[in-house]
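Listed below are the structures to be examined.
Shared chain: subunit A. Partners: subunit B in the first complex, subunit C in the second.
Coming up: the complex of A and B.
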């Protein structure tokens, strides 16, 4: 039994597999690009830029940077650089561009699509040593900080000043805010605070030629030219290295409530959402749902007590945040009364204190980790129109059963196929929990899942990004004209294609 | 005396000048580009695409499309095309690109920087006939509509369905939602609902080569590749023609309150903002401020009764919107009590019904129009860090006085120099109301205003855009590297530079 609480700075892993195969062995069809190989001269040059302590070459120390969080991908980089200033990043990248050395920018390395680890021998450029808050304006709520600040550290800093980071996610104890922006992380409160495309006000980016793009504006409104920073939000390190961000942080809510509800069908989940939007409106800060199979996984891998006495096919977690506890309590109470009376909700519990609130959230937040505890997990993070959202889990489960891949004993590779996610954002996480990674499972799942989503005009990657895992599947969500435009932009910014190769598209 | 209420479909103008000089005569240094000239063959071709009724060539009818809202700019286009479908737009643009005919996309033509009218003989491509709602999903609140839908029409459509358009501005009765997106309009409720970069979920765009970019996604989350649609938000028609938009619309508030407050200094305005953020938090939907000189202009050009008995140096308009009237009233009452007790606010009035609410808003919304009623207006729409925001008005007024340009009688070209705006967004509107446009006034104002802003790392165009008026000043807010990147993107998308030439940069 492990504690599912995220511990600041600690690393939670999605898989217990002992050894991670080299990505280049798992995917022998991927060829190393025509990049230069690292020389002793290069290493000496890097040491001159970031000093001895900013260069990692020890084999044991390199493991963390070469392996991804899910333990599905492993690169073989022999060097990690940890610059402390934007100027150092600029010098490194300029040198790599001149020498045609490939680079992987890396934040907290908590990505779920293998985007932040090398595939071959790319140089890892870690932002971990750029971790200072640069400024905070308490009147406007604008925070300017280095890319390498850990999300939870940034939020704690803001909490002390009555504000909140407009993004929250399970990996907050490890992930970097720069990585969040580079991957356009969505997370738990997008419903309330909106996407990073709206909240990020400015970025400082080292371009692939080493130039520093100073778009670190601290203005809420600025209509002078194309909004270049938007291109980097979600570009996963393929257009440059984000070194600083400016972001608008809302007032921190004074009161937070969490309700955990049992409902009898996915249709009832949607009805509850309409009720919540109408009655909780401006104080609704999260509307999460999960199936009973998700909860069973959490139960199997934690010592948490079930929040509701009976079992229900689906559960909903609602969070409200507001500035007046009495008002929020009254709104939530009225919502629950109406929802129970109309039988949309069958049972429910409301947190009475901070501990209960955290415990209820754990049932939702620990699903991701619990899914991998049995050996590994195939994760799909998709957007589809709300009404069809859960059908994907049903169809995939049926398909795994048809192929006799799912079952309780060790002979079956698949433990279970579960669904949960951010209903308010139309975002489903389909997790196929496995005892071991097997090609035949992958073949049953893919391209089936992608075709299923494409037919419904959905997104094959709602918030996790493309990285290495989804790079071949972008065509299921974007047409060729769009992909061609993206590639032209990539070539314009990075003509030598040194930034995060083998990824994205 | 005119009624300042915006009337649906009616055109409110910012100037009463009788004749607008041709832009090419006002700015003889601007040379016509090497574009083809319209031939009879071209006209016949366009008639084949959009039919006889979709082609405007009558001289009287052309006036509206050639002149801008402020009546400062006049082009000499001899043709306006009014396609009804995206396919028709595509055919028109493809033809223009092949023939090297320059094109100005035009929405409601309410822009304030001369961006939507031709400079020479560019073809005007009006979106006015593409004005249908395509779909609305009441569960997710996602609206998909043609670009030519008038903002107020879209909002009325949503009001009937319990939702609200996440943007509101003075020109709502005339402006198009496509134009709003093309110019990244900010408006009155950005404070609450955020920028269009966050709320727009998808766009359909006809690219300069005539291809239709289908990025009309109805998903809140989609991390599959660069977010191309972001480039078009605020591109002012220079990268393509927006033909459709998909946008996330919030639940419509059930209760709205407006308070109009008198305060004694700009410092007190800022203090009131901090109070409002802390106490009204999630229900705060607007925080507008204006100086007494702004109110005097409104008084001179309307028959509105002053909202407060006494005069104060500054006024604040606060709007709250929420889902529970009693809760909102209680929060607002408590805020006002505290603000009056601590003497941040000296006097105030709260709207008791819908009519009073609209009247209070008029004092804010009519300033823009009133500023031009005496002859014309030089408008500056800037972002600067909050603490310095109002100093710009003081410094400009002092400078106009020094040059003896401002006064009560007809010999002085300048009537007054006033300041107001969206304090919550750090966005000031500086309006220099004039009796007539004179070069010597312009010379005293520019580049002084731009240099002033540049020194404070502000934006020389917060929400109005660059258009024709500000194209030469982008360098005050963006460095050369950024401008070079923008120009490279422009050339990639529009190698023949046919889209909205002479504008932007």
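Coming up: the complex of A and C.
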């Protein structure tokens, strides 16, 4: 059996498919800023800082850094810098600031809003070579590591020491922990371990003027002054380059169970959530839901065996993590029995070993990748009050049907619009899987989706961030006073606006 | 088929989950088992699945599927799991935490088979913990039954059982009459998930517990484990910039 887990870690193959259109051509209304252009002198200077091996200028090698994961955006940077130390990052950024060269910091380049790739010719500053764990304290569980450590590598390092990284997401095999912090990634276990705003204890950041801000605290409590690190969590590289993080890691659960359940309706999904909270309480570590359309996409693009024989309109994945397997098993069993008896849940399976557990998770984790396999995907990552959450998918599907854009054959640009997400966090992912990117699809979706969310006081970006894709829509979730204050902060940190331009707001 | 009914026995073993990396314990007497996840041995899981598929594929032929495990009390978890998948009854032979050698396991199973009147035994070709790969063969010897090992396909035709085995360069099909022993290979089937309604039904299915002494079998070990060691760690590699440098390094290490 082919393990689909490797698929997530693997990079998208670019060679066989048509080129991604340049972002500057797709969006001709966006003008290049008044930045300097890269000269041979600049390149020589960068080589002096990071040596020959830390500079990428080969056209083929650059493709990977210029294109985003969804193959929606493509920049035309002619240089990637891969520093190995914080000092090198500092020297690079200081030089760029003096010369007014624009910079886009990049981690694993797994972002979903085009925030980590250049729009024009910005210099790509890749943190990939800063990939060492600096220290780990087994007593407190505090990990200090370089920003370029891959999330899965960090988690494996912690696993060997009985701990767990408090964040987990589908792209774990490629994404960097620095990028996770810079984008305030949410992921699959937020329900249990909370957001990075709580777990990150300190950061080391290279500011746009090249200064190194050392706020790499390893203290859980520290009420001395403004908590500056919070500004960088979710700043998406607009305020500086995160080079190191200090994060509080919980004890790794000894026992983990996964149940995959079929339910009748979105109402039943909510009921199951209420039951799960009440009966599983402290061992509930994930409550994910997905519609049958999501599962169909996974089925089309993987060789996984469907966990349940019959099809149901909705599926729920419940994970429990605890310290005592017998205790957890008993709780989960009684919860499932009650849920079946009260007909909240129609059918379900429970993982019997680690392999089944991973395969059940794949049905949820692979949706994101499967959505884009047919050509491309429009992704909306929204927070809305729970009762309205799924109506967005229904309304968008109806709208696409009205405009005759959705269908089974090649003449329709849209394959399907599917919904899934972290119900426990009130976070829905609406994915509109398309055969090709077409402006008319985008026009039907936007600003419709954003207006829909705004009407319900939701967030237009729950965990993916703003990046390039959502920058024009921040107004749907934040008022003008807030945006003005954000812009003032940006100018204070980065008066020349060299850090990740054309993004955020 | 001249056989009126099938009484299938499926022996199963509880082992450290195959996705987990085993670690040698501090005293170097075995593998660390505390706080480690245990599951059904993957080949045993395939054996259970095959028994159920035989029932589904031969209408009314299978009279009974009996799963048996020799192991600690905890091994009842995997028996419950097999019951939930479709086995009818189960027996736990309580041997405690001590490892039981294949000969002893085969003797225990022989007793159960005689009591049970089984005419088909399907079991994994090996357990992934000790990798002995002997129980099926020894059992066939004790019972003087035909055996077909490493099955990748099992078919019932006329009054014979045809078993396909993967061998170097192709496949081999052997046949035998019942009663017989089949050991399962990896590609025989893909085990199903256990569904919730079946987990609940399985609670009412019988799980009998016996001690080796009840079966008059002595399970004392004949082998003594002297020491368990991890393989030597592989040294980290280095990157070389040029072919010349590579040759130089190889010469320096004495490889050239």
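The rule is short, and it goes like this: the second predicted complex is superposed on the first by the 492 of 505 C-alpha atoms of A that agree within 3 Å, B and C clash if a C-alpha of one lies under 4 Å from a C-alpha of the other, contacts with A are read in each partner's own complex, and residues count from 1 in each chain.
Methods note: a contact is a pair of C-beta atoms (placed from the backbone, for glycine too) under 8 Å apart; a residue touches a chain by one contact, two chains touch by 3 or more.
In this text, all values refer to a predicted model and were calculated from it rather than measured experimentally.
In the overlay built on the shared chain, the residue A:333 is in contact with subunit C alone; subunit B does not reach it.
Of the two partner chains, subunit B is the only one touched by A:253; subunit C is not.
Of the two partners subunit B and subunit C, more residues of subunit A are touched by B.
Of the two partner chains placed around the shared chain by superposition, subunit C is the only one that A:358 touches, whereas subunit B remains out of contact. Residue contacts after overlaying the shared chain place A:25 against neither subunit B nor subunit C.
Shared-chain residue A:345: touches subunit C; no touch with subunit B. By the document's definition of touching, of the two partners only subunit B reaches A:489; subunit C does not.
When both complexes are overlaid on chain A, the residue A:40 reaches neither subunit B nor subunit C.
Residue contacts after overlaying the shared chain place A:228 against subunit B, while subunit C stays out of touching range.
Of the residues of subunit A, those at positions 254 touch subunit B in one of the two structures and subunit C in the other.
Per the touch definition, subunit A reaches subunit C in the complex via residues 1, 254-255, 259-261, 305, 307-309, 325, 333, 336-337, 340, 345, 347-356, 358. Chain contact summary for the complex, subunit B toward subunit A: residues 137-141, 162, 183-184, 186, 190, 194-195, 197-199, 211, 213-215, 217-228, 230-231, 233-235, 239, 251, 253-254, 270, 273-274, 277-283, 321-324, 327, 330-331, 383-387, 422, 425-427, 457-466, 470, 474, 477-479, 481-483, 485-486, 488-489, 492-493, 504-505.
Within the complex formed with subunit A, the subunit C residues making contact are 17-20, 35, 37, 39-40, 42, 45, 81, 190, 193-197, 199-200.
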